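Look at the two complexes coming up: chain A is in both, with chain B in one and chain C in the other.
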Partner chain A sequence: MTHRFISHEKLSKLVADLVAANTRVIAPVHAHDDAEQIDYLPIQKLEDASLGVQLPRRSAKEFFLPTTEVILQYRCEKEGVKIEEVPSAAKPQVILGPSPCDVAGLEIVDKVMSWDYRDELWFGRREATTIVSLLCSMADATCFCTAVGLGPDSVRGSDAMLVPTAGGYVVRLITPKGEALFKNYVSDQVDALDARVDKAVAEARKRVEANMPAIPADFAASLERNFDHPLWKTMALRCHGCGACASVCPTCHCFDIVDEHDDSERGVRRRNWDSCQTARFTLHASGHNPRASQNERFRQRVEHKFSIYPSRFGEILCTGCGRCSRVCPGGMNLAEVVGEFRKLATAAPEGGAR
Partner chain B sequence: MKSLQELAFKLLSEGTVKVVIGYEEGPRGVRPAFITDPAQTSKLIFDRRCTQNLATYLNPRRKHITALGKAAVVVKGCDARAVAGLIREQQITRDSLVIIAVRCGGVLEDPTSTAELTADTTSPRCGQCEVREPKLFDHLVGELPPAPPVNPRRSEQIAAIEKMTAADRMDYWNQHLDRCIRCHACREACPMCFCVECRAERALPQWVDPSPTSRANRAWTMMRVMHQAGRCVDCMECERACPEHIPLGLLARYVADSVEQRYGYKATEDPGVPAPLGVFRTDDGEEFIR
Partner chain C sequence: MNLYQPHLMRICEITDETVDTRTMKLEFQDPAVAESFKFSAGQFGEYSVFGEGESTFCIASPATRKGYIECSFKATGKVTQALRRLDVGDTIGFRGPYGNHFPLDVMKGKNIVFIAGGIGLAPVRSVIWTVLDQRDQFNDVIIVYGARSVGDLVYKRELEEWSKRSDVKLVTTVDPGGETPEWKGMVARVPTAVEQAVTVVENTFAVICGPPIMIKFTLPVLAKLGFPEERIYTTLENRMKCGLGKCGRCNIGRTYVCKDGPVFTAAQIRQMPQEF
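So, the complex of A and B:
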């Protein structure tokens, strides 16, 4: 990893040049409907962006897995159904200033997207995207990125990372993609980060660490052991099963596939965001639902993130961004639930083994 | 809220109810609480942050809650109207629960806020409140606090939208509804959305496309709001639950006002008053049928 310097003017020029070259540049901006909120949106110039103000409402996953997308079109003809595939080649895009937790989420989800089948649409966009994250100084009492092995300065998934300094940013160049993007815009090798930045990072890290200590490796096994623990019967009473948590989550990636008829002859097949928190997610055609109540559905979300995904892919499906707890209308809190089950990690299993 | 805690303690320890659904201090502000142990009743609170409508949890389809046994529920006057609605629409019976009503001085829009009640922070629904002293209850607790400041935001927005041309209105709603991701959080948080099978999820015939496209989002929201006509209690839980911050409370209020103008009906705490669209009346103006 090399460190370079970029002035505000040069970064502004970089954005202008990218936009002129038809590259979509996405950055945190003040939301159109609410000036107090931040959304990831396409920008035309650097001044449109509000970097490092607060965590955007949604994660950046929608630029790789859109809320809805057409995956094929079909037409019913006399000879049979004619299928037209949609192009999977993605247009180049740059995401400027996402928080490290959102960026790391993409790399974590890459694993399931290339597991039994390589998801062309996901990877088409992943490959066409250059990610320039911003060192995070926005941590609040709900963040716990350090507990899942990340941190305010984690470069996981980033091609480059901006670190604020006097007159501009120190650019950490991480991948060849990042180096290529900044090549003509950066100056001067920077040997070390500004001492003030180091101090700010250390403080941010300490703040997040105080919210939750690191999740131990045996937590997954403990969760599995406590699959039938009575705590699950009380944890999700206030959960509405709305799935708002999944919609704002940088790592929730489940989708549904539906056919929609435009008229009697033509139609499209779409994939749409879905969530295990809704009753219909596991509803069988027979009417049977293996996850009959919200207790089981909520347990599924926690188990998938902290036990199932780790056992299959070797890592936790959570970046500690805290959005699920911020957005929940029922006041559910993932950190609290994890905390409760951590207490059991060393205790004997209750309610029998799974 | 000592009287509330003492009452809950009594109800639980005497075995009158198995669970008290109320409010507690959570990791992020006030949140719903489900107290089953009398020793835990000291957790119960009621203050200006208790904005959630707990009647939502009385939906008989929430089997993991009904499994706990008979419930007592803490309600504000506005929430009591939802309880009345559930009784009116035969989802629950009056004697199946104990209603603990609290006198209310208005609530914050955001239960995680620590702000005082001001014209900016108070829920806009409190401005039109006529039920700070609830009428539907088994137990009424607390002293009546002074009326809260009126938050004019919603009535100003409705007035502004009424002045818009049809095209501008369409733009306004499209701008918001294009953000909808069809998570249906509005429905799940709504005390009056209790259909066993929502029309949005019928596949044969498919009334509404399930994908979050402009067209389908408009159809979904329109359908839900119209289905709430004369049923909505204006608790604004739909708007609070929406992760996309779509101002659904504007539609809810507008429809409630329209129902009042046409049918002289307002959401009421009296479960005996029939729903305006649930009765046949020979003196119905029927002015929309030409």
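So, the complex of A and C:
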């Protein structure tokens, strides 16, 4: 990893040049509907961006797995059905200034998206995207990235990372893609991050670490052991089953496939975001529902993140961004849930009513 | 072509099995796909009616017969009801084959007891014909098939055919009250029929599919007869969308039914959280 310097002017020029070259540049900006909130949105110039102000409301996953996307187009004709090629939606894009937690989430989801069958819709966009993350100094009481092996300075999934410094940013160049992007815009080899940056990272880490200690490797096994623990039922009483947690999550990737057909002969098949928190997610046509109650559905989300995914893909399906706790209308808090089950990790398993 | 793009298939034959269950014989429109398509008994696919969506069923035809596949379905939900409105000559979509399959390789030279209830005969039928098409490679074949009533029995012509074969022992049964005056089979629930019909246990595998309640009460019977759980195979039918291990819908604990299944041993199922 090499360190270079980029001035605000040069970064501004880089954004302008990218936009002029028809590359979509996405950055955190003040939300159009709520000036106190931040969203990831396309920008035209660097001044549109609000870098490092606050964690955006939603993660950046929608630029890889859109809330809805056409996966098939067809025409029903007299002679039969004709399938039409869906033009590739993967266009060159740069994401500027996402939080390290959002970026790491993409690399974690890569694992399921490449499991035996490679999802080209996802990887097409992954490959067409250059990610320039921003060192995070926005941690609040809900964050717990350090507990899942990440941190405010984690470069996982980033092609380059910006670290604020006097007059601009230190650019940590991580991949050839990152190097290519900044090649003509950076100056001066910077040997290391300066002392102020080191101090800022250390402070940010300390703040997050105080929220939750690192999740131990045997946590997955203990969750599995406590599958029937009565705590699930008690905790899930607050869950409305709305799925807001999944929609803001950088790693929730469950989806639905539905057809949309108008009265004409044309139709499309879409892939839409879905959530294991809704009752219909697992509902059979017969009326049988394997996860019939909200506590089972709530447990599924936690198990998927901290037990199922680790056992299948070797890592936790959570980046500790804390969004699910921030948006929950029932005031549920994933950190608290994890905390409760950690207490049981060393205790003997307890069976009980489900 | 992305992962979710189906092959086009032409409906070439429709058979009504019961008042609400239908079998469709399907042929690939693309001759190259028809030529190269291969599957193993137990695998499933995503069948789609354009404009309505996709639905998951097993491939009900034998793996030994090329150039076509069959599916059997009950008109219950949006897609299956739409599928029922289609006619011979119409086009549907098919993605697959997905999932694992029954391990016929390890069953070679052994006896197989097939146990099915209602439309649960569909995946079992694929295995039965695959076995019968290579009959000399297997030992005794015993089929116990039951339904709520005579009218609910599917694949009636094939039941007739199997009953006439000397190399197959077929026992059909209907629940008490489901019989007709002409009914010549047993009047008993499937577990009872299994208890009476199954006499070989040594070197025998059991393949069982049907309603959960039937499976629940048949497993103890098989245990009593002396079947180890590792030699009892069944399928799980969780709701699926992608069929490819991506969409997250079919999880039972750490199991992805679409990738690890749909075929499991009773031993594997006992290890799972009871969420199916």
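One rule holds for everything that comes next: the second predicted complex is superposed on the first by the 349 of 354 C-alpha atoms of A that agree within 3 Å, B and C clash if a C-alpha of one lies under 4 Å from a C-alpha of the other, contacts with A are read in each partner's own complex, and residues count from 1 in each chain.
Quick note on the criterion: a residue touches a chain if its C-beta (ideal position, glycine included) is under 8 Å from a C-beta of that chain, and two chains touch if they have at least 3 such contacts.
Remember, it's a predicted structure, so these values are computed and weren't measured experimentally.
By the touch criterion stated above, A:67 is placed in contact with chain B alone, chain C being left untouched. Once chain A of one complex is fitted onto chain A of the other, the partner contacts of A:170 are absent, as it touches neither chain B nor chain C.
By the touch criterion defined above, A:80 lies against chain C but remains apart from chain B after alignment on the C-alpha atoms of chain A. Applying the stated contact rule after C-alpha superposition, one finds that A:15 touches neither chain B nor chain C. Contacts of A:116 after superposition on the shared chain: chain C is touched, whereas chain B is not. When the two complexes are overlaid on their common chain A, residue A:32 makes contact with chain B while staying clear of chain C. When both complexes are overlaid on chain A, the residue A:258 reaches chain B and chain C alike. Of the two partner chains placed around the shared chain by superposition, chain C is the only one that A:307 touches, whereas chain B remains out of contact. In the superposition on chain A, chain A positions 256, 258 are in contact with chain B in one complex as well as with chain C in the other.
Within the complex formed with chain A, the residues of chain C that make contact are 2-6, 8, 10, 29, 48-55, 76-77, 80, 90-91, 93, 212, 237-239, 241-242, 244-249, 251-254, 256, 259, 273, 275-276.
The touching residues of chain A, when paired with chain B in their complex, are 31-34, 37, 57-58, 67-68, 141-142, 233-234, 236-238, 240-244, 246-248, 256, 258, 260, 270, 272-273, 275, 278, 280, 292-295, 325-327, 329-331, 333, 335-336. Interface residues of chain A facing chain C in the complex, by the touch rule stated above, are 71-72, 74, 76, 80-81, 83, 86, 112-113, 115-121, 224, 227, 253-259, 261, 267, 269, 271, 274, 276, 281-286, 288, 290-291, 296, 300, 303-304, 307-308, 311-312. For chain B in complex with chain A, the touching residues are 26-34, 36, 52, 56-57, 62-65, 67-68, 111, 175-176, 179, 181-185, 187-189, 201, 206, 209-213, 237, 240-245.
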